[in-house]
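Everything on this sheet refers to the single structure shown next.
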Amino acid sequence: MVETAELSFAAPPAAAALCCAVPEAAAADTALAPAAVETRALGVTHAGRPLLRGIDLRVEDRRVLALVGPSGAGKTTLLSCLNRMIELAPGIRQEGEVFLFGESIARRDADAVRREVGMLFQQPVIFPGSIADNVLFGLRHAGIAPRASFPERLERALGEAALWDEVKDRLREPAASLSVGQQQRLCLARALAVEPRVLLLDEPTSALDPRSTVAIEERIREIAKSRAIVLVTHSLGQARRVADQLACLDRRDGPGGPAGELFECGPCRERLDRPQSRELARFLESERA
Amino acid sequence: MGKWLGRGFLFSSALCALAVLAVLSIALGEIAGRGLPAFDLAFFTDPSAGAGYDGGVLFEILGTLILIGTALAASLPLAIGLALAATIYLPRPGLRRGALSALYAANAVPSVLIGIGGFIVFVHGLGWGKSWLGGGLLLGLMILPAEAVALIERIEALPRRYLDAAYGLGLTRGQVARSVVLRQSLGGLFSGALLGLARAAGETAPILFAAAVFSGAGIPRGLKESPVLALPYHIFVLAQDSFSPAGERHLWGAALVLLLLVASLSLIALPARLRAHEESRHG
Amino acid sequence: MKLAAHRSAAGAERRGRRPDVLRLAAFGFSAIAIAAFVGLVAVFAVEAWPFFRAQGISGLFGIRWSFRSGRFGALPMIYGSLAVSLISVALAAPIGLGAAVFLSEVLPRRARIAAKVGVELLAGIPSVVYGLLGVLLLRDAVARLLRPFDPISGDTLATGGLLLAAMILPTVVSLGDDALAAIPSSQRRAARALGLGKAETILRVVVPAALPGLGSALLLGLGRALGETIAVFLVIGRQDNQWPERLMALEPLARAGQTVTSKLGGSETFLAYGDPIHWGALLALGLLLLAVVAVLSFAGSWVSLRRVPRG
C-alpha cells in the first residue's frame, strides 16, 4: 500500500491532486513506509448534499499536518472521517477509503480505531469526576493495560501534556476546578493515556488564552516526535510554528453542489510563503487582511 | 465492558420500551375494543337510565364540560398572575427555584385531599351542598400549578433580546408584560390550559365530595344544591358493583368517551408542546 | 446594561407614574392562589385539631382502626400505602428507566417524537379508567396468578401495586428521558472519540451525569403512587386492619388491604363529618399524606433543580 511520493511542482491547477509531498529532510526513511493516515477518493454526503469530494490526503508518521481553509470548507468533517466519528451523525454517506498505517479502518472495529486515533475538540470536554478519573477514563475501558499500571500511566500522560507539575498534588479534586487552558491539557492527557498512534486536533487552542495556546503548541511539537498529528487551525502563525506539512481545503462547485476539496498539500513553511494554488493564495490573503 | 454485554444492555432497554408499548396497547385496545360496540347516536344523546347501566351518557358529558369550563375560567387568571409575578415582577434568582419547587409540590397534592377540602369549604362551610361551581373551583385549583409552570417555562424560554429591546425603549414592566411577554407566550398558556383541562376532565376525587351525584341531576340551576353528573364519577360508581353484560358494555362505552375527550384535549396541545420541547432539547 | 434598563423601568414605576394595573392584578391573583393552597392546609389542620388534642399524633400509629371504639390506628393503612407504592416503583423504575434510555439514546429523532407522544397518551389516561381496567381485567388475572397463595379474590395489595406501576410508568419514562436528554451531546462525542462504545458511553457518562434527574423522576413517581386514590380504591379490597404478622413477608400482599387514600376516598369520610374526633382522625391522616407527598416533591425538586438554572 505504499503510495509513490510525488513532489508537486508549480502548476496551479486546482484539481484534487495527490498529496502530500514527502518532506525533504526525511525522504529517505519515510518514502517506503506506509503513511500514518491516508485517504483515497474520500467523499461525504449528508442527505444528498455533498460535504467533501475526492479527498486524497496523506499524513506521514511523526509529522504534523496543518489543515487550513475558510470556515465551512469541511475541515472538521474530514477530521471526523479519520477516526470514524462521522458515522455517528445520522444521514451521512461516505465513499472512498481511509487507511491507518496501511489498513483500511472501515474493516476494523470502530471503537478500536478511535482508540488508535485520538481526538481533541475545540472546547475542552470534562467528565464529572476527579482529574485522575478524567485522565484514566479512556484507559479504563480500553483494556490495553492492567490496573496496576494506571498510576504510572497517569503520570506519564499528564507529563506529556505538561500538566503533571500543576496537578500532581490535587489529582482527586474535581476536574471542573481547572482553568480552561488546564482543562484542554487535561483532555490532551486523557487522549494520550490510551496511547494513540495518531492524534487529531480540531482547533485545540481557539478557545484558549495566549499563554495556554503557547503551552499546547509546545506540547504538540513534543508529542509529534512519536505520533502523527493532524491539526486543524485558523491561525497561520500556529501552522507556521508547529506544522511540517500544510494542506488547504476549500469549497468548489461540482456534481451535486459545492463541496470541500483539497487544493494544496506540501511542506508547510514553503507553501505559506509561496502558495502553489489559487485557493491557498486567496485564503492567505483573506487571513492577512 | 464486553461487546456482547453492551449489546445486551441496549437490547434490554429496547425490551423495556416494548413493555411500555405493550401496556399502552393493551390498555387502549381493551377500552376501544369493548367500548366501541356501545357507541351509537343514542349513547351520546340519551340520558342514562335503568340504574345507570342503560341509556346514554348525555348529561354526564354535559356535566363534565360544565366542570372543566368552570375550572378553566377560575384557573387561568390565577395562573397568569402567578407566572407574571414570578418572572417579571419579582425576578430574583432564589425566588425562581423556590417558586417552581412550591408549584411542583402544589401540583403533587393528592386530588382526594382537594376533594375533602372542598367538602369542608363548599359543601358545609359555604353551605352550597353539592354544587357544580364548587366542583369547578376545586378542579381549577388542582390544575392551577401545572398551568402556571407551563407559562413560566414558556416565558423563560423567550429570547432575552425581546425583553432587552423593550426595556431599552423605555417601556414600563407592565407594558413589557402586556405587549411582549404575554403575546409571545400565549402558545405556552394555550397548551398548559389544554393539558389542565384534560386532567380535570378525568379526575374523580375532587368532584366526589363536592359536585357530582350519580343520578337525578341534569343541567344545574343556580348555585346551591345544584350538582351535576360527570363521566368519571359515573364510571367510578358503576365500576364498584357487579353488573350484567349489557351494563358492562355501557361502562366501557362511558370509559371510551372519557378517554376520547381527554385525548382530544391533549392532542390539540400537542404540536405547540412538541415544538417547545424540541427547541429546548440539546442537540 | 440590561439590569440597569430593568431597574430604571421599575424605578419609573415607583416614582409614581400611572399605577400598573397588570402588576396589581398579577400580585392580586397570585395572592388568591397562594391563599387557596395555604387555606387548604390550614383547613385540614384546624379540622384535625380535635383529634390531635385528644390522642396526639401517636393516636394514628396503632394497629387497629375502629372508629366505633375510638381507635384510629392507621398503621395497616400506612403499610398498605407503602406496600402498594413500593411495589409500583420497584416495577416501574427498571422498566421505565430502561425505556427512557431507549427513547433518549437509541431511537432516531422522528421515532423518538412518536414515542414521546405515545408516552403522553399513556400519562393522560384518567385514573378511573385505569381502575376500570383493573376491576374488569387485572383482578381476574391476579387471582389466577396468586392461586398458590389462596387468595379470596383478585382484590389484593399486589393488584394495586401492579396497577399503580402501569400508572406511574409514563411519568418515569418521560422525566427520565428529559433527564438523559439534558446531558450535552459533547459529552457523548468525547466519550465515543476515546473509543467507548455506545452502551459504555450511556452507562459510564450519560447515566451518571443524569443521576440527579433520574432520581428526581423516581421520587416524583413515588409521590404520585402514594397520592393515587381512585384506581387503588377499586382494586385493593378495602379491608381494614390487615396488619401483617411479618412485615417483610410476601403473603400479606396477596390479601386485600387498605391504603391511606382508599380510606379517605371511601364512604367513611362522608359519615364521619359530624364526629369531631373521628373526622379529625381522618383529616390527620390526610395531613400525614400531604406531608409525605410534599417532602417527596421538594426532595425531587431539590435534586433536579440543584444546578444553577440557565438564564
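In order of appearance the chains are A, B and C, and numbering begins at 1 in each one.
Just so we're on the same page, a contact is a pair of C-beta atoms (placed from the backbone, for glycine too) under 8 Å apart; a residue touches a chain by one contact, two chains touch by 3 or more.
Just so it is clear, the model here is predicted, and its values are computed rather than measured.
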{"item": "Contact-graph separation of subunit B and subunit C, given in steps at minimum", "value": "1"}
{"item": "Chain separated most widely from subunit B, comparing mean CA positions", "value": "A"}
{"item": "Chain closest to the assembly centre - both centres taken as Cα means", "value": "C"}
{"item": "Euclidean distance of C-alpha centroids - subunit B vs subunit C, Å", "value": "16"}
{"item": "Subunit A and subunit B, separation of their C-alpha mean positions in angstrom", "value": "54"}
{"item": "Whole-Å gap between the CA centroids of subunit A and subunit C", "value": "51"}
{"item": "Sites on subunit B at which at least two other chains make contact", "value": "1"}
{"item": "Set of subunit A residues in contact with two or more other chains", "value": "141"}
{"item": "Multi-partner residues of subunit C (each touching 2 or more other chains)", "value": "197, 200"}
{"item": "Subunit A contact footprint on subunit C (complex, rising order)", "value": "108-109, 186-187, 189-197, 200, 204-205, 208-209"}
{"item": "Subunit C partner contacts - residues on subunit A that touch it in the complex", "value": "83, 85, 88, 90, 111-112, 114-115, 118-119, 121, 123, 125, 127-128, 137-138, 141-142, 187, 190-191, 194"}
{"item": "Touching residues on subunit C, where the partner in the complex is subunit B", "value": "2, 5-6, 9-10, 12-13, 17, 20-23, 25-30, 32-33, 36-37, 39-40, 43-44, 47, 94-99, 101-103, 105-106, 113, 115-122, 124-133, 135-137, 166, 169-170, 173, 181-185, 197-200, 202-203, 220, 223-224, 226-230, 234, 261, 264-265, 269-270, 273, 282-283, 286, 289-290, 293-294, 296-298, 300-302, 305, 309, 311"}
{"item": "Footprint of subunit C on subunit B - complex, ascending", "value": "1, 3, 5-7, 9-10, 12-17, 19-21, 23-24, 27-28, 30-31, 77-82, 84-85, 88-89, 91, 93, 96-97, 100-101, 104-117, 119-121, 124, 141, 144, 148, 156, 160, 163-164, 167-168, 170-174, 176-178, 198-199, 201-205, 208-209, 232, 235-236, 239-240, 248, 251-252, 255, 258-259, 262-263, 266, 270, 274, 277-278, 281-283"}
